[in-house]
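These are the structures, in structure tokens.
Each of the next two complexes has chain A plus one more chain, namely chain B in the first and chain C in the second.
For the complex of A and B:
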């Protein structure tokens, strides 16, 4: 795969998608018995398990906050999740992602409802593809609502990228590596607020605005899948 | 950063700040889109191939460039290597502690690195001596000396200024061998990326938040802009959120302030 070969003459991408098409997504709710809330997501080749524990006692005790809940977040990739084995110790990338993902979800959580407690979110990437942090956020917000945590809105995330000079929705791992730019973002779709934004690579003014709007559109589509997954667990059926 | 004040005083201070902001003013007298005084000194570390100390108000960062000859990464055999790192020294603040970098220091280093790297400021292909065998590796290490908010921009300006004034040893390639010659050369630059950090307090956007504003603000957005007004890197931080209009406005502010700071840095460093 070389630059200039990510989009063919018919405007199709390496996996046959159009530029504004998402990969197939599957979300399941409540897949782990021990967790207070849990979710599983497949987005392209991404396979991610998320568990939420809490609100629970804070350890160590001195970390507890007198007026609100302490939110902890761990994004971790399994050693077998990548092409080359990943060292299981948390990398600098994983530590950074854990931080931005925590902040992306925190916007939606009403942490003042749970003073002196902790909520822990564990995201384990079993198989990685492009956009794993976005898939992890999307699944984590579903797991948080499965845990019955008070939230202002769901959080849904999606990335946009640039390949062969074209703005593309939801880049896969090849497009992520070979493409010119990548911009993951997360929103609260009912409140119309952005809770995560990362940019890497050149976007002109016009490209940025186009990419930004395409990502918002992608997020809104994924939001439907989140709601369907929750309805399936709690009402046993999905109304179209 | 943790404040020692009680929540009541903090809330009052936040209310005072929010009130001032609606009048377009800030606690230290700046207007919303004003940076603090930017001071840059270069070439103060003679053992480094390049160096710069940047003060942004009371935030201070020093960057040093060291150059080595290494093997290239296997996936980029025709490119040199650029590594940017940042550390918040324990002497920089009563809250900074020795030990491995925490998530804030890691985020700082990675965001600054991304801003420089994604801009293609340095054409890494120019740093290749023998493809697959010998390339220049440029290490830029930044130490934060004093913390007073907006470490992202201060660190980024220190990196940019140190790179712009770096002189690397020259090598001659003969019969597949390299030989150092008694000459130093400047790096060549395609663009100068400028980091612009915005804070959101209530519904107001400000640039270059100081430590007190950082403690009170809801969210942060750091954007890096290149010489052609492209957005090349960005990172949202903090527990709050931005409206979509605010994001677009932030990119406009970043282009505007980026231009301003770029010409200031060029002026101080005497670059045309």
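For the complex of A and C:
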């Protein structure tokens, strides 16, 4: 096999990981005092704070839905989160991510329990790396359960990519930019349902299947970390 | 008393795959019951429920709440009850049936910023909660210290038949007014109020523990054990 610049002869990636290895992940729950629910995630070099407010009254009032809750989502990158200063105004990319994250979380929430109200999710990227939308979804679902909003399941997201013709789990920034393909996906692990699937680049059918299964495996590992973080905050211990 | 085994759960955790009736904060999908909240799962012969440990206050008919007047018109007051819905207190529910706009001025009775203890008389998915003061003991609260805790932990603070509340009142010599919406007003001497606040914070932090009543008794230095263990009573 031809060895490229992203994976070396020993099969290790630019940051020294194996192809099926996740970056180190840290999740903290309830870090913001004034939010109804909050979480902080570090996933590799990603550092994201998520705040959840609500359910609360909808403003402007005409936007309220008579039968269910209005979900609002904002994914935002701080000006200092990237190598070169980013304009703080929401970019096309951020607006799109806000939308897909909203849709990924919406299917897990039981919005019909809170008619005529709104839930607002703010995701602020303090430092960015590859796969920040996945980290944001993972942290947002933890923050939502911290806020005590009825949900069918936690949502956990993970990306897979293709670099040098190999399927890699959880691509970082360099692999994301230099690699051939990128596929973020989000699942509800206990219900075994998919809530987000995007693909950038090309996968063959076999590659897709391999990548999909690898991502599911990654999601389950992250779900375990999510669970541990919540247990630690609420019960002071981890139950196996 | 049958000992109920409680299990710590988070959203999406499978509680049981046997055919039980789902009661509260659980969802039944293909005969499997999953939790929808962080809390303590309980399986009884009536069904399965989760006692949540966090979450917003959702009004319920007959709840006693402590609210703050935020606005008023010629017919009603608008009350902030620490919830996603703002409550209304119609003048009839204060003055009685003989209320007339020409005779009674609302601002004379209650004005913006006043704290009231009220009962929710109606609420559903389509209407905001309506409050009433027509009952003994309800009305304006004049003094006391306000403490707020997670509304989901109020049942624990009250305890079985008010046992926990009585323990705190007895141990500190204060008087507690507890609103189901997570607002508590404590009346008494400044020193005893501080002790009561500490006890309340202890309950909030340890709401998931089994031997909480004993811990509070030890903290307040109460030794007798005339009533049974005051575990959660919903």
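As a convention for this text, the second predicted complex is superposed on the first by the 235 of 240 C-alpha atoms of A that agree within 3 Å, B and C clash if a C-alpha of one lies under 4 Å from a C-alpha of the other, contacts with A are read in each partner's own complex, and residues count from 1 in each chain.
Criterion: a contact is a pair of C-beta atoms (placed from the backbone, for glycine too) under 8 Å apart; a residue touches a chain by one contact, two chains touch by 3 or more.
The structure presented is a predicted model; accordingly, all values stated were derived computationally and were not measured.
Visitor: Does the superposition put A:190 against chain B (first), chain C (second), both, or neither?
Guide: It touches chain C, and chain B stays clear.
Visitor: Which partner does A:235 reach: the first (chain B), the second (chain C), both, or neither?
Guide: Second partner only, chain C.
Visitor: Touch check for A:175: first (chain B), second (chain C), both, or neither?
Guide: neither
Visitor: Check the residue A:54 against both partner chains and state whether it touches chain B (first), chain C (second), both, or neither.
Guide: A:54 contacts chain C only, not chain B.
Visitor: Looking at the overlay, what does A:216 touch: chain B (first), chain C (second), both, or neither?
Guide: first
Visitor: Based on the superposed arrangement, let me know which partner A:103 touches: chain B (first), chain C (second), both, or neither?
Guide: first
Visitor: For A:120, is the partner it touches chain B (first), chain C (second), both, or none of the two (neither)?
Guide: It touches nothing on chain B or chain C.
Visitor: If you stack the two complexes on chain A, which partner ends up touching A:146: first (chain B), second (chain C), both, or neither?
Guide: Second partner only.
Visitor: Shared contact residues on chain A for chain B and chain C?
Guide: Of chain A, residues 67, 188, 191 contact chain B in one complex and chain C in the other.
Visitor: Considering the complex alone, what residue numbers of chain A touch chain C?
Guide: On the chain A side, the touching residues are 36-37, 54-57, 66-67, 108, 110, 114-117, 145-154, 188-191, 227, 230-231, 234-235, 239.
Visitor: Can you list the chain B residues touching chain A in their complex?
Guide: So the residues of chain B in touch with chain A come to 7, 103-104, 106-107, 109-110, 114, 118-120, 219, 221, 223, 226, 229-244, 246-248, 251, 255.
Visitor: For the complex, which residues does chain C have touching chain A?
Guide: 8, 10-14, 25, 27, 29, 34, 36-38, 52-56, 58, 84-86, 125-126, 152, 208
Visitor: Which residues of chain A touch chain B in the complex?
Guide: Contact set of chain A toward chain B: 67, 92-93, 95-96, 98-100, 103, 106-107, 181, 183, 188, 191-205, 208-209, 212, 216.
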